[in-house]
Structure formats: structure tokens, C-alpha cells
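Quick heads-up: structures coming right below.
Same chain, two partners: chain A is paired with chain B first, then with chain C.
Let's look at the complex of A and B:
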């Protein structure tokens, strides 16, 4: 074994990271101090911290908060809501699919994976149709059960659009959550539950004193992973609402895209880069926690 | 006893409700794809279609004649991304699993960190770089930029698979005078074929359809668009051809969905290695 071998073998990986990850990151950082736009590729002017100032002063629709802060805030609420749904339904769903009282577990476990396998862009188009106010199945069910008298136009109002895109995102991430938590549940020895039964513990007590502590490491890992993925989520919102109505669903990724590629007059590369810095910062922060939890569990 | 029966019934109801939530859009897709396009819409839409036809699967190609082209483009993006991912991930994954070198730990940590990156975070510089090299509107732009997001997990999958194989055979080959590199091609590659298959499928499916935003930004020519963008052709100015759109989605997702279901177990294993002890 020669000493150089591992370096030769990892060279493509290192090169790929340097050229397509670290260099672009450096570029985002540098561009955030320049004024530039796709309109005129030759125009490029150093503006210092002006782009960052713009982030906190430029207002659109919302008189109380700057465009960037409002997008950042929407991202936080949207991500918390979606990840919250995923974690709660994930734990409950996985426990259900692990319960010995449930018949047909194998079938359910297979069906549960399907949404995960559907490309997000296509799943979003399917949801757009499923939520259609006149001909969507959601409204048929709601009307047939007499929960609503008139069809609901889910994506036309700011609040309902915000909640709907959140639920659709939760739908896309839920299968992954359930499968991962299920794999954690299956490692809990049955004897723990038997001992608890002898001691007279009920189902609720067993859930909080055995199940939750035992799956805590997996739960933490998947929650962090899912938070990052949700924070980066773009396809769903773009296809369902394009950030509307009235920028109600303009989370940070959607806002970055708009500022860079659509609002060419008052947006541009520099401002979008400054916004991206915050996107990267949040992802990096969560990654640090994620890597720490992984290191605790394995020799890394 | 009564308690147990009640629990069984209750759990069954919960499970069905969960499935209704998870399979709802898929159900809507199937009934819409099978419903005759000339049948007037009814509101609320009947949950069971009144009539069933397969004609939407044919007319979809009349409405969007480029459909086969979009599918071919997606296939090219998928193959490109998976080939690059394999070429980078196999040697790197092998080195990370077998050699104890100084950069090993930093690289491993960076691989995990890189796995957290999404196209939106690098979209602006990627666009600028691709523009500089005149790669906008080329297959290469989407393939190169797409690969960077599949390389981390691919490397991770190869590394964790390698770690489950005992070193014995490779060591014996080295003692017999085999060089470091021929050990890889002659002994390691055949052994890790399951990992290669899952990396291939994971990267293929991702490149095929998951990188919507990359193609949205880098591809402007109609003939180079992947299927995810081509489907927008079903949205005309006045209406959306839902029946044919759903038929097209059903046709185009069948293969990648099946492929993904086959390897999902390995992906789960790769992602949880460390946090789930088996």
C-alpha cells in the first residue's frame, strides 16, 4: 500500500467539492458585496454592505417587515409547521405500523413508501389537481361528509395557501419519517415492554417512558435532516403557488429565486447572494448539530 | 379481551386514515387518467369514475408531441448524473472505508455536510459559472451541477457498504503482489455491486426528475427540457388538460418509482448508519 493511494482515490471527490461546492460558495459570498444583474453581464460594481442593508430595508406588500425578513420569518414558521406535522405523524404512524394489534402491517409498510418515490415536481402537480376547488378529491370528500357546504379554494387565500403548501410538504416528507422511525422502533427489545406490563404500566406510560427515550437518537437525526430538507424546499411552493397569493408563501428559497431571476429591475445577483448567505448559514448551523449527533452514535 | 378487539379495530381505522392521506393524490391521478376526457366535469367530482378509458394515454402524445423527447432528456440527465456520481463515489468511498489517512475524517465530515446542500443554495453562482463557460442550455450544465448534490450520499453509501465487507480478500491479493489499483478493479468492484446498483438508481432517479430547479434555471430551450418541465405544456393559456396530464405523469413516473422502491432500503440504511444500531 502506497501512501499516495487514498489521495489519488479521493482526488475526484475533492476536485468536485472544490469546483462545484466551495468555489460557488466563495462566489456567493463575494457577489453579496457587488451590484450585478443578469441584464448586463459586464456591469459589476462593488457596493460594500449595501446589499445587506437592502435586505433589511426593502419592503414589498408587508409594511411592517422588510421583504427578506418577512421571507425568512415565513420560512421559519413554514418549516416548523411542516417538520412538526412530520415528527408527530411520523412517530404515531410508525408506532401504529409497529403495533402487534395491527393486521396487514406488511401491506401498509409498502404503501407508506410510495409518496417518497414520486418526484416532488410531479407530486406537486398531482396535489394542485387534488386540491382543485371544483373537481378535486379533497373537496369531494369534504362535501360528501358535509364538513363544508361550498368547495374550498385552498390556494387562493394567503392563510389557506400557506397551510396547504405546508401540509403538502409534510405529505412528501412523512414516508421517510415513518420508515426511519420504524427502523428505530424495531430495535427496542420486547422484554422492556413486558417488564413494564408486569409493573402495571399502561400504554400511554409505556409510550412516554420506553418508546420515546429509546428512539430519541433516530428521532433527533431524522428531525435535523428533515428540517434542512424542508428549509431548502422549493418545488412544491413554486408549482402550487409560485410564492403567492400576495407573497404569502414566499419562503426564503422562493424569494431568492425571485430576486435573482425575476425581479431583475430591483433585485439582482448581489441581493440574491446576500439572501443566500442566510440560507447557507441556517443549513450550516443545523448541519453542525447533525454531525455532532452522528458522531455520538458512530466512530466518525 | 374486549379491550383487545377494540384496539384492533381502532388501529385498523387509524391505519386506513393514514393511507387515505398518503395515497390521496395518487388516487386522484389514477381516476383522472382513466376518466374519458370528453366526459363533462362534475362538481363535486365523483370518487369512483363513471366510465373508464385508456385513450388519455394516447392523446397525451397528441397534445404534447414532444413528450417522448422530454422523457429522453430526463433519461439523459439521469444517466449523466448517475455515471458521474459512480465515477467519483466508488474510488472515494473505497478510500474512506479502507485507508487511514490524515484527510479521512475531514473529508467524511465534509461529505455529510455537503449532503445537506440543495440546488437553491448554489443556484446563483452555478448560473453565473455556467454562463461564463457558455454551458447554459446544454445537457452538461444540468448534469454537472446536478451531480454535486448526489455525490455526497453516493460516497456515503459506498463507504458504509464497504465497511460491512471483511478486508481479508483484498489483503491476501495485496500480499500476492496485486497493486493497490488492480485490487480495486479486480476484487473490490465485483464485491460492491449491490452498493453500485443502489448508488446508480438513487442518482439516476434524482437526476431524472428531482432537480426541477436546476433545469428551470439552466435550460431555456424547449427541446432540452426534462419531463418535469415538459409537463407544463399541458397547461395551456385557457385551461389545463388534466386527464392527459395525469396520464402522462402516471406513465413517466412508473419506472423511476419502481426503481426507487427497489433500493429505498439501502438508502435508509446509509442515512441511518450510526443512529440506528442493528
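Let's look at the complex of A and C:
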């Protein structure tokens, strides 16, 4: 192999990175200093940091908080909730699928991947009707079991809509978590558990002192990936609630979309770009934090 | 001599290329909601047959993404020549110079084909910006069996409407007085507008002043809230397009919708009746409806304006319009169409009658998408009990005032 071979082989990747990631990001970064709108491609006015100032000063429906901060705050809570559910259920689900006592593991492992395989837009539509108050199967079960005496309107109230979209997002992302964590679990040597058993450790102790530390690198990696993906999640909310009721589910990606495409007189490309750059910065910070933690874990 | 031969050959070649050149016209059309790719392509093919040098390049996009497609293609400097748009977008597109005024292309004969109110929907700042392709009026469709069962008569005013909804409302049996929309979607705003206009309210008045928070509008939103007490649960999760599922399941007494959905319910065995939307307490008119239209507009980036106009006129000729309306079940925008045998049928009559009580959906509204967001926020905050109608509409008015500047 020649010395140059690795560089030649990575060239397509570098080219793709430059064309499809770095250049668009550079364009968005530059746009964030301009006042511009999709409707008027010939008008661009340099406004310096005005768009970034706008992020913290422009109030729309909430008089107490800027439109951007309100969306950013919702994003943080929504992402934390969704990723939290995915991690907890991911570990539990993977442990279950790794259990020696579970029969038919192959079938369950195949079934668990289904939500991941369904296109997100279609899965969101499916959930919209599953949760529907009149025709939804969830309400049908709740009513027939006499758990509720009136249909639950999951997407009609700010809090329930927020939680529902979060749970649906978690449902869609869970298979990835389970499969990745399961692969981590399968690398743990059985001898560690046998030694712990001899030392008198119970299942709970084994879980916290053997399982969790051993899968920590996998756990950190999938949590990082899931956080980034969930931060960018748009289609689930858009299809289920379009950011409503009121603006209860208007997370940052939904707000960016609205500022770019719908509220053109208030917003436009420049302001949406400033919001995007802020989001990219936050996601990058989270990534750096996780990667550092990961390195520390690896060094130990 | 040799050189002359080459020059001649080049000239002949250039001439023949010019003669057989194909002019391409890019046309943006929506699909969904009854619009199919096959229907649209059939029109393009017919046009190409009579214009052998023309190639119609149809571009399709779902209704939900039409606005985005339009503004991104304009932004990229690659707008299609002909664009099918919701007429409510005209002010925003016209103000930005994205579409051209069509006044000089509209002949007096063409103008006379349509109702005046139809032209109002595509007129902005005194100019015509589109030719209407589809129109809708709406009336109440009701379940005659449920009306008979609960001894309800056709409501003539808002008190009777509320009383009728209340009488039919039996949630324990899964029966609701009325079906209503509340989801964040354009049709929810239109559903509210039905009551707003019925009470002689407006979003902006003829002078462009925002009046969405005046007494008439506040009363309309109050009434929307009152009616919601007798509607299906969780109306915020429903858009108007999905309400037919409740109606055809025999679960609701009445709701406001298109004729084609009424016919769909009939096919499912529902005993359907119709009544016009009664005027509210502040209105002098007995009935009302919102006139919604979609139109064909021409991009200011088009290099083929004359051809685009020709195609637009072809699509909106009486023959083509008639075919379209009959096929898709739209209310006829052309006056002559109402004499066609199909439109004599009993279920069409209320929709055609409603035209004379109609008022355009978005006349004078400069930024529909932003206005829609503001009104939806007001509707939600009232339905959820976060605000009273006056406070909610005051907030909406403040936002719309900024949008109107």
C-alpha cells in the first residue's frame, strides 16, 4: 500500500463533508448576519449581530420570554425527557432481551426493530390515529377496561401534548437504543457475574457494579447520538401537533421552520439561520462534553 | 466556396433548431385533497397536442408543502412559470414581486365568466394576480336521523344552532351535537371564519384596519367556545378534513363541510341534509359562508409569460373548468356552470345559493401564514380556557397589525 492510499480512500468522504456539511453550514452562518427572505432573493441587507439580538428580544405569544428562548427551553425539556425514557427503557429492554431465562429471544429482537424500520412520518400518522379520542385503540382499551370514563384527548392539552410527543419520539428511538445496548451487554464476560455470585452479590448489585460500568462506553455513545438526533427531531411534532396546542410543542426545530417559512414578516432566512447556528452550537457543546466523558471513561 | 457552404450549413442548422425548438413551460401543481397526478398530466398532454412545440413540465408537491415549495423556488431564483396557489397567499407573493399582475391578460369576456366575489378573492391593491381554478363555499351538513331522533329543527339563528347542538349531545352514547375543528391547520381558521363572517366580523376591514378584536369577532369566538361544549371531545386534535370520519360514523348531528364529503357520507348510508350557515346576532344577513379559492398565478421570474398566460387560459377555459369541477366536486366559480345538469341536483343547491352570501377568505390580509398562527393561538387559548375571547383576540390583533404594516 502506498502512503497516499488512505488519503485517496478518504477523499470522497472529505469531499462529501465539505460539500454537504461544511459549505451549507458556512452559508447558514453567513446568512445569520443578513436580513433576507425566501420571497425576495434579490434583497439582502447586512445587519451584523441584529439577528442574534433578536433571538433574545423578540416576544410573540409569551410576554415573559423571547420566542427563541421559549422554544429553546421547550427543546431542552423535551430532549431530556425523550432521551431519558430511551436510555432507561433501552437498558431495561436490552437486559430483558439478553436474559438467559427469556425464550424466543430471536423473535423479540426482530420485533423490537420494527418502530425503527417504519418511516417516521408514517409512524407519526399511525400514532395520531392510535391516540385519537374517538377512533384510537388506546382510548378504546382504556374505556373498555373502565380505567377512564371519557376518552383521553392526548394531543389537546399543552401538557399532555408535550408528554405525548415526547413518548412517541422515545418509542421511535427505542429500538436503536435496545439493539446497541444489547450488543454492549453481550460483550460482558460471564465470568464476572460468576465471580460476583460467589462473592454473594445480588442481581441489583451485579447490575449497578458490573453491567452498567461495562456498558458505559456504549451507553455514552448511544446517548450522545440520541441527544443529537432528538434535538433535531421535527417530523413527529409537526405531524402530531404542528407545535400546538398554542405553542406547547414548539421546540427549536419547529420554531426555526416557522421563522424561515411561515412567519416571514417577523422572521426570514437571516433570523432562522441565527437560530440554527445557536442550535448547532448547543448540540456541538453537548457532543464535545460527551466525547470528553467518553475519553475519560476509556482512560480509566 | 467551401467557406460559404459551411456558413450556409450553420445557418440552416440554426434555423432548423429554431423551427423545431421545444419551448418548456414549468408548471407547479399540488396533489392530494382530490388532486391527482394523472388528472393534472392529462391536461398537460392535451395542451401539448395542440401546441407541438411546447413541453409542459409538471412539478408536483403535496398541498401541505406547496407554500414552502413556492417560496424556496422563488428564493432560489428558479420559480416555475405557472404556479397553482391558494389565493390567500396572493398579498404576500404580490408584495414581494414574486408573481405578476394579470389585468392586461384578462379579457372582458373572461372577466364576465366569473362571479364578482370570485374575482375579489384574487384581487389585491386593485390588481388581479390569479385566475381562479377551484372554489369552495361551505354549508352545514346534518344527520337527518339524529335531528329527527332528538326532535331538532333546522336552526335559523345562532341561539337555535346552539340549542340544536345541545339537544343532540349525548356523549355517553358517543353522540355529539356538532363536529368542530381545532388542530393547528389552515382549515381550523376557516372554520372559525365561518362564524366570524356570519356575525359580520372580519380579520381586517376594507381599509386594511385590523378588526379581529372588535365586538362582532369577540362574540364569534365566544360562540365557537360555546358550541365546543357540545362537540366531540378534544377538538384541538381534529382538523376539518378529518371530521367526515365522525359524521359518516353517525356520531355527530352536524358540521360545516364541502359537498363532496356530504356525498361521501350519503354513500356510507347517512341520511344527509343541508342548511346554510345562519347569520349571527350582529349581522343583518340571514346566511353566510367563506369563499375559498385556489388560483393559477404566473411567476415574475418566468421567461415565457405569453405561453404561461396561454396555458393558464387553457386550464381555466369554460370546458376545462367544467370538467374539473364535476370531477372533483368543487363549487363552480363560473356563473354559466350553475346551469349544468349536475349542479341542478338537490345537494348542490345550498352550496351554489351560498355564493351570494359569501365573503373571501383572505381579502386584504398581507401575510396569511403569520395571521393564521395568530388566530390559531387565540382559538386555542380560548378553547383551553387560558384566555377570554377579548384578551385572546386583542393579542392576535396586535400581531396581525405588525403583519399588516
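The rule we apply is simple: the second predicted complex is superposed on the first by the 271 of 300 C-alpha atoms of A that agree within 3 Å, B and C clash if a C-alpha of one lies under 4 Å from a C-alpha of the other, contacts with A are read in each partner's own complex, and residues count from 1 in each chain.
As a convention for this text, a residue touches a chain if its C-beta (ideal position, glycine included) is under 8 Å from a C-beta of that chain, and two chains touch if they have at least 3 such contacts.
Computed from a predicted model, the values in this text were never measured in an experiment.
**Student:** Following superposition onto chain A, is the placement of chain B relative to chain C best described as a clash or a fit?
**Tutor:** Pair status: clash.
**Student:** As a test of reading the superposition: which chain, chain B or chain C, is in touch with more residues of chain A?
**Tutor:** B
**Student:** Regarding the shared-chain residue A:27, is it in contact with chain B (first), chain C (second), both, or neither?
**Tutor:** After superposition on chain A, A:27 lies in contact with chain B alone.
**Student:** Would you sort A:173 into first (chain B), second (chain C), both or neither based on which partner it touches?
**Tutor:** Neither: A:173 stays clear of chain B and chain C.
**Student:** Could you tell me if A:234 is touching chain B, chain C, both of them or neither one (first, second, both, neither)?
**Tutor:** In the superposition, A:234 contacts chain B only.
**Student:** What is the contact status of A:81 with respect to chain B (first) and chain C (second): first, second, both, or neither?
**Tutor:** neither
**Student:** Once the structures are superposed on A, label A:261 by its partner contacts, choosing first (chain B), second (chain C), both or neither.
**Tutor:** both
**Student:** Answer with first, second, both or neither: which of chain B and chain C does A:90 touch in the superposed model?
**Tutor:** neither
**Student:** Just chain B (first), just chain C (second), both, or neither: which does A:60 touch?
**Tutor:** Second partner only, chain C.
**Student:** Taking the stated contact definition, name every residue in chain A that is touched by chain B in one complex and by chain C in the other, in rising order.
**Tutor:** Looking at chain A, the two contact sets intersect at 38, 41, 134-135, 151, 261, 269.
**Student:** Using the touch definition up top, name the residues of chain A that touch chain C in the complex.
**Tutor:** Interface residues on the chain A side: 37-41, 60-61, 128, 131-135, 150-151, 153-158, 241-247, 258, 261-266, 269.
**Student:** Where on chain C is chain A touching in the complex?
**Tutor:** 67-68, 71-72, 74-77, 92-93, 96-98, 171, 174, 182-185, 232-237, 245-246, 249, 251, 366-367, 369-370, 373, 376-377, 380-381, 384, 386, 395, 399, 402-403
**Student:** Which bits of chain A are touching chain B when the two form their complex?
**Tutor:** 1-3, 5-10, 12-14, 16-17, 20-21, 23-25, 27-28, 31, 38, 41, 89, 93, 96-97, 99, 101-104, 108, 110-123, 125-127, 129-130, 134-141, 143-144, 151, 171, 174-175, 179-180, 183-184, 187, 217-218, 220-221, 225, 228-229, 232, 234-235, 238, 253, 256-257, 260-261, 269, 272-273, 276, 279-280, 283-284, 286-287, 290-291, 293-294, 297-298, 300
**Student:** Flag every residue of chain B that touches chain A in the complex, lowest number first.
**Tutor:** Interface residues on the chain B side: 4, 7-8, 11-12, 14-15, 18-19, 21-29, 31-32, 41-47, 87-89, 91-92, 94-96, 99, 101, 103-105, 107-114, 116-129, 131, 144-145, 147-148, 151, 155, 174, 180-181, 184, 205, 208-210, 212-213, 216-217, 228, 231, 240, 242, 245-246, 249, 252-253, 256-257, 260-261, 264, 268, 271-278.
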